[in-house]
């Protein structure tokens, strides 16, 4: 049962990757051409719903407060991504979602205010064809880890993806004293480079970014990164040696997380739906 | 008053044990025989309700999130146990509860998805005739204790059952690098052996399991194990010596917990009932 | 304005004390006489409401869970006190409140189940004529302090009453290995002796008791004892020296707490009233 | 986009400052003259709403409990400020807001009870013409920092204003053993002097005060001071060196907070509005 589900998930991921790689290549070739605006009606409603549910559930858990954002790569055009207009994540609806190109330009802004930090998303989509979704948070669990030399490591199997290693990016290293924000492509690119091929990067004095092959999984990772950070801090405070998941355990356990993802996602969706029915 | 209640509880437990022991013996004799499916209609509605209330109250307290499960041994057939189909605990209803044999096979799956980790339950019911209910959680309080060498010990009288000692099971010891899950009988058996005759076992990099002579008490233990872990972490952080309940105090106090269990259970039931009325 | 309010409060307390002292003396003289049952109708509804609001708000804050209790000395008969039948504090209504004598006998039980630990209350009312209300909790903040040698001390002006010193009572000292409960008069008397003339006593492996000249203030103290304990633990974890309120500051600040008590009580009452309207 | 918003905010602040400076000077010249009562009808409803939303959202987050207060300088008369009558912050409505002069006298009390600690506000408005709003809290995050020598420092960009340095005021230094309250002008003046030109001051054994050029920003600062304190405590507990925002980073990041303030304020307003509709 489970392995069927997992195989199916992996297949779907693989198909996504192929589509992305080809489209991205195509995109690079006609980089200077002005692509016409893809109307949002062309986007599957499911992906817009995932962005809405993800934004709101992370706000509900306190992983996001008034700031932070969830984005998805455009399902049929890998040179585009979908992200809300500048708005608190707890208030996002499908109608607030806009389309951006990989230079973080709004395809059709219609006078809407956009997020200053959209370069986090654009530069990661550029650098990582496997990434279909990006979440940026000021998650209270992770901020202490971003400001110290203590590495974030996997405490249990749900945050198993942390066992691959969690880099910390310090904006001051390349850009000196700034307002701490990822406010242009160069800063976004530097962040994407520190992320490398990992699922999570911490940002000193700021928060974190999680990436995944789907919105659901990027949200799952943002949630469990926060949970793990708090538990690791508690384990360290107990005063003895802490046993973390090995990279091998992490890789195996992360695969099973793909298989059980819908179980927790359906719960989250049910929690959020009453808000949307209002 | 209280001692009458307690005596009554102990009597009821003793009767359960006798029934279980005889039935289990009978079960072992005809182990290879194909027992016909016991229709769920034959199960007392009270025990299904206990599983539902227990699943949902633990989710309400954050002891369970989208994962974990509550099971009960079948009240009239000790070779069977009752457990929800694969579903977030906050969403479980009586209709989701299925019947399993002690090899963790669904008696009549009717196409429903089942929990991968049902072997936690089957192997403990096999090894422990006194156990009538099993709860598995990723309780945030206990995970730090599962990953360190600091023993979980009883801070006050409600978690008195911890004074008997809390073993820690590490899947890596016998099975090497895995996905951390109790995904077959051999792993379940290893876990049950580490549990031994205790009420609680911690699982490194994973969570815990609590067992008891009733669903109510297994849920009570899952809740107070989490509460105790958090309080013990705080006591350790104060920096001095901590005085825990002695095994003698633990044994005596645990008996009184059986006498007052309905007081807190009735409160929990009232909290959950509005959800079920929807 | 404020000093008028304060003077008025102190006057009221002084009047209470005089009434209590005289009545207690009278009570001692006719100790063996069988006092006829005082019907609850004779008790001012305000005091029953205070017990109900206090029980429920402490449950709402998590200072109480399914256990613990709030009592009031009978306003016209100081040899009696008022306390709910055995029930989770979040569920208490005025109709659940019963009358007890100072030997912890129910005046007219009418078959209702009573709290095993009513001796906490009876023995303190016996020993402390100034006490008009008693609250017993398993407050999560205080349990770590009850199990260590770190003294609970006043972090700020609302819990100023802690600056008088907070004794810790260990049942094991006089009674050996028990079930940890205050289940008879002798144990209650030992606890009352350790409390002495203080407003709070911690109970090792159990919780705490707060006392005051009114239900409102006993509840206020139970709440702020828990708040203070959590803040003190955090201050200690910062790693340097902690400056606490001096006894002189504590005494002065505690007086102003009487003057502002209604401000927070009215808030609490408004929070609880929707529950009672159901 | 963003820099336009920011420039606009800074312009507005500058205009405020000019108005305040001139009016304050005028106020000092005719200090002894009896200014006639400004009817509240003359005050823009928006500023009253900000005080209401700010009081209630801070109560909602637990930054305020039953105590603490939010005030605004009168928008057209800088020698006056607006503050609720003595009331729990969670209950404040526009009708509860009163007008005070800079000696903390109510302009027209109409028999209403007023806050004892209004001198916190009056003396800061006197000393700091740039300050248009003051918030006083017993914020649980900051109390441990007020009682120790560990300096509160900026962990991330939202609480960037802390990078300017956070002084700690101890009432005992100038006034000996008191009831800890800012109950007259002399004590208020001492507090204002320790605040100096900073946005936040901690009060030993008491809480904190945040100030800003608008109610929204003073509330934002009260909220993020509490958040930062909790995160800093966690970072310190991890045991290594902590990297804080530099003063330069703090100054730059604080400017961007003015640009994004409405995003979180609109969220808070939406959370509170259902309470006000009742």
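Read from first to last, the chains carry the letters A, B, C and D; within each, the first residue is number 1.
Here is the rule we go by: contacts are C-beta pairs under 8 Å (C-beta built on N, C-alpha and C of every residue); 3 or more make two chains touch, one makes a residue touch a chain.
The structure presented is a predicted model; accordingly, all values stated were derived computationally and were not measured.
Enquirer: Do chain C and chain D, two copies of one chain sequence, contact each other through the same residue numbers, with over half in common, or through different ones?
Expert: Copies use mostly different positions to touch.
Enquirer: Rounded to the nearest 5 degrees, what is the angle of the rotation relating the C-alpha atoms of chain A to those of chain B?
Expert: 90
Enquirer: Which chain has its C-alpha centroid farthest away from the centroid of chain C?
Expert: A
Enquirer: Where the centres are mean C-alpha positions, what is the separation of chain B from chain C, in Å?
Expert: 35
Enquirer: Mind checking the centre-to-centre distance between chain B and chain D? Centres are C-alpha means, answer in whole Å.
Expert: The computed centroid separation for chain B versus chain D comes out at 50 Å.
Enquirer: Got the chain D residues that touch at least 2 other chains?
Expert: Expected reply: 237.
Enquirer: Looking at the complex, which residues from chain A come into contact with chain D?
Expert: 65-67, 86-88, 90-91, 113-114, 116, 138, 140, 143-150, 170, 172, 177-181, 183, 204-207, 233, 236-237
Enquirer: Inside the complex, what are the residues of chain D that reach chain A?
Expert: Of all residues in chain D, those touching chain A are 1-2, 154-158, 160, 227, 230-232, 234-235, 237-246, 248-249, 252-253, 255-256, 260, 263-264, 266-268, 270.
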